[in-house]
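This is the structure, below, for whatever I ask next.
Chains here go by letter, A, B and C, matching the order in which they are written, and residues are numbered from 1 within each.
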Amino acid sequence: MLKELALAFLLLLGVSFIVFAILYAAPGDQLNVLLEGQLPTPEVRAGVREALGVAQSWYGQYFSWLLGVLSGNFGTSIRTGLPVGPELLSVSLNTLYLTLGSMLVTLLIAIPIALYASARGHLVSISWPLTMLGYVISALPVFWLGYIAIYISIHWFNFFPLASLGRQSDVNGWLYTFVPVMVLGLGSGTISEVIRNLREEMTRVMAEDYVRTARAKGASVWRHAFKEGLLIPVTEIIAAKIPFILGGAVIVEQVFNWPGMGRMAWQAAQDRDFSVIMGIALIAATFVRLGSLLQRTICAAVNPQHARE
Amino acid sequence: MTAAITPPLLKIDNLRTYFYARSKHSFVRAVDGVSLEVGHSETVGVVGESGSGKSIAAMSVMGLISAGPGVIGGSIKFASHRVQKNLLEGLDKFVKVEEQHGRVMVVHKDDSGWQNASERIMGSLRGKEIAMIFQNPRASLNPYITVGEQLTEAIRLHTANKSPKESTERALYWLERVKIDSPRLRFDSYPSAMSGGMCQRAMIAMALSSEPSLLIADEPTTGLDATIQSKIVDLMEELKSETGISTLLISHDISVISRLADRVAVMYGGAVVEYGSAQLVLGEDASIKHPYTAALLASVPSEQKIRDKDNLQTIDGDVLDTINVPPGCRFFARCNQVTPEIKEKCATHHPDLREIAPGHQVRCWRFNG
Amino acid sequence: MKKYTQTSGEIGDFSQLPIWQKYALVDLLYVAYGLLIVALVLVSYVLGMFNLLPHDPQQINIELLMASPLSDGYLLGTDFLGRDILSRLIMGIQAYFLPGLLAISISLIVGVVLGVLSGYRGGRIETVIVYFTNLIDSFPRLVLILLVIAAFKPDIYYIMIVMGITGIPTVTTAIANKIRFLAQKSFIEAAIALGLRTRVIIMKHILWYNCRALLIIQATLGMGEAILLETSLSYLGFGVQEPVSSWGNMVQSGANYFLQGNFWPSTAPALAILFTILGFNLLGDGLNNILEDRRGR
């Protein structure tokens, strides 16, 4: 467990280094502007600029930026002039909401299909139309899917899903999130791969000796195959797909005008507001590593051999 | 003597289990017309080399064959005190076989229909009336669940001891009975923490804890160290006399079979080639044996041979390819007892099982008229 | 009822069976479709390169707004400015074709080098390489690209280099896993024992004989992803700008009309994206199944 935490920490450190390095290599004065943006007031900034007549070393700049970030100071947005940190928090939560919801949708669709296909045994036959459907959905551009969803909800259900994410009454509020979550869940390109992966794993586990023993003793095969055949593969593949879902969120937030990290990142890229985009990159990577950490913890908890190491 | 009054516990009649090699467009005739019986309180050993079809036959009895086409014909009659059933009853409506020159060339099978019907029949029997233990005991136990839990699962399913306390008691009782060391400790262990021998004892406990009428043991000593093997055989001998359970024992190891079996069936190339009491089949007299049995017995070196550092006796040729099944006797290519008179018959006609002495059957042209 | 038939007489030799009996029909169809798409893309790329298009993709025709497909010389109709959709679609391929090739080249070349080092050498090198692949994998692609866009200019080639880099981990782990799998089979040991030079072992035996399929599949899937990425980016407004067409910006500019019920200007490019990515993915999947002989018949 400790080893996992240390690994995650080292990786995030590496991530921060890459993010910093990109900015360092960028043309123009960005770096100094960024660092200055982390300082609290204009006066202090002016003072520091005077004091720093000599160019600081890159690692000095890196550490000062990093320390700032770790204490929550992500710098100042070029566009708004406001500190980035608090803003990031609220949009991250919105995106997290979207991401988790869409994972749920993906699993709710993929797991039954995968289990059905693996129970059938034959790799081709009946599961083919479903597999094909999965491929088509994965190849669909998610932004177009979003427009279809909007069109349907407007014209068939008289429901305009683009209203801003205000604190609506509970029932309506839930509906407003439903559409983008559905779209992201279907369109993040992960469904067909999740189905294929889960089906393969379950089929493999069903052929294991110990499942044969369970069958021979009249026990519930499902109960024995579940851990290795479903629980572990699901956590593995979901953790692996988090980066893709986050990427999809960028687009879906654009389509639905959802105030999340993705839309903020898009805005920041347009404005070249790098303190914002860097913060988002860091938070996104943190989500990814947290997901991975969670997955490995579950694996260790379930697998007695791992637990002993 | 076969009892004329009570039917045998298990009677397999002309069982055929085929598989399909898609890359070669042909059938793998794994079990090609096997008939044998297991009586009450009797141990029947099935011996043969790898590929002879013995494991497949056992799995066919349990209904564990899922690859296509699988079991395509025959009957398996099970008759214990509590249950009497034909395990393949009604299943022939899902299979249609076309033969040419006595060989199966086309099989039509409704796989899912067959599986469902088979499950309906076998579901109430597996674990309760017929229990099975396998080779590679460490791989055959669920690595994610403690041994104790796997045992109590079987107990809760098949006996009246449903409460946690009762099932645990019974599980511990059986763990002690299979002479596993520190039963309480093993109860809470995972299979990965136990050796192969201990896992096999646990499996035996699991199988016997529901007091089934028939135990099918598929290569129970294979994969274990030699010293452990003999300990497991000791255990099985003891349990056999204590519980009086009937066993269908599959093994390629003749020493194991000779220690445990009352009757022996020798399988080669998917068919039974000799069948009779252990004394007759495994005995010294080579003149009343199937050539394969004789060769098999001769290949196990005797004490004297080991002392003399004699050459090991081998059987010429390769194991039968159950795809390219020859038209005549399957052992013909490797047989060293073919005489000129029967040579042509051996090459072209597959012999039947003929009774050459009461209770002793051999499938060989040497003994047929 | 499933039918199992035995060939009478001699048992058939697998390698001499005609192709439609050797492999599952489904896989052959996948590959055929995929190859068709690849051919179309190539042809369209060339057409676009030499401007051999039915109409000028940027020519506005006020009198012919939103013409439906098959009308009057406009095979796929016109968009909301009267521009020919087919020509715009063909030109749209320019936006992703070369950059996509660049991206998969980077992924494959660097990925193979790192994968071989990691799988063959193991030990410390493997730990370092695994660290780096995990590092790259920690970023969602789009976010990383947006970061690069914010820092540098939104040049498609910069973007595709980033895309190529983000594709390295998949290739690396695939190759390293394959090598580890082969190592278990001891033929690498055998090759070393025979005295073959390391370079020969790697290039010939491992890569060419055993990883061919893998690499082809990674290339096809990678191209599919490159297309998805480029279209997403141009949808978001980065990359190719109006009036030059890219499939992504075509969908975006047709969005308002879509919501009003004029589906075609957005749908045509979306379908192009769908069928093209589907083609690459199916090609990869079909080849995978054929070359690794997974399916039964």
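Note that a residue touches a chain if its C-beta (ideal position, glycine included) is under 8 Å from a C-beta of that chain, and two chains touch if they have at least 3 such contacts.
Because the structure is predicted, anything quoted here is derived from the model rather than measured.
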item: Neighbouring chains shared between chain A and chain B, ordered by label; value: C
item: Two chains sharing the most contacts, counting C-beta pairs only; value: A-C
item: Chain B-chain C separation of Cα centroids, rounded to whole Å; value: 52
item: Averaged-CA centre spacing for the pair chain C and chain A, given as whole angstrom; value: 23
item: Of all residues in chain A, the ones touching two or more other chains; value: none
item: Two or more partner chains touched - positions in chain B; value: 111
item: Multi-chain contact sites of chain C, meaning residues that touch two or more partners; value: 296
item: Touching residues (chain side chain C, partner chain A) in the complex; value: 24, 26, 131, 134-135, 137-144, 146-152, 154, 224, 228, 231-232, 235-238, 248, 251-252, 255, 258-259, 266-267, 270, 273-275, 277-278, 281-282, 285, 294-296
item: Touching residues on chain C, where the partner in the complex is chain B; value: 1-8, 11-12, 14, 293, 296-297
item: Contact set on chain B toward chain A in their complex; value: 62, 64, 66, 111, 123-128, 131-132, 134, 136, 139-145, 153-154, 157-158, 190, 192, 203, 206-207
item: List of chain A residues in touch with chain B within their complex; value: 121, 208-210, 212-219, 224, 227-228, 302-305
item: Residue ranges of chain B touching chain C (in the complex, touch as defined); value: 18, 20, 22-27, 68-69, 96, 100, 104-111, 323-324
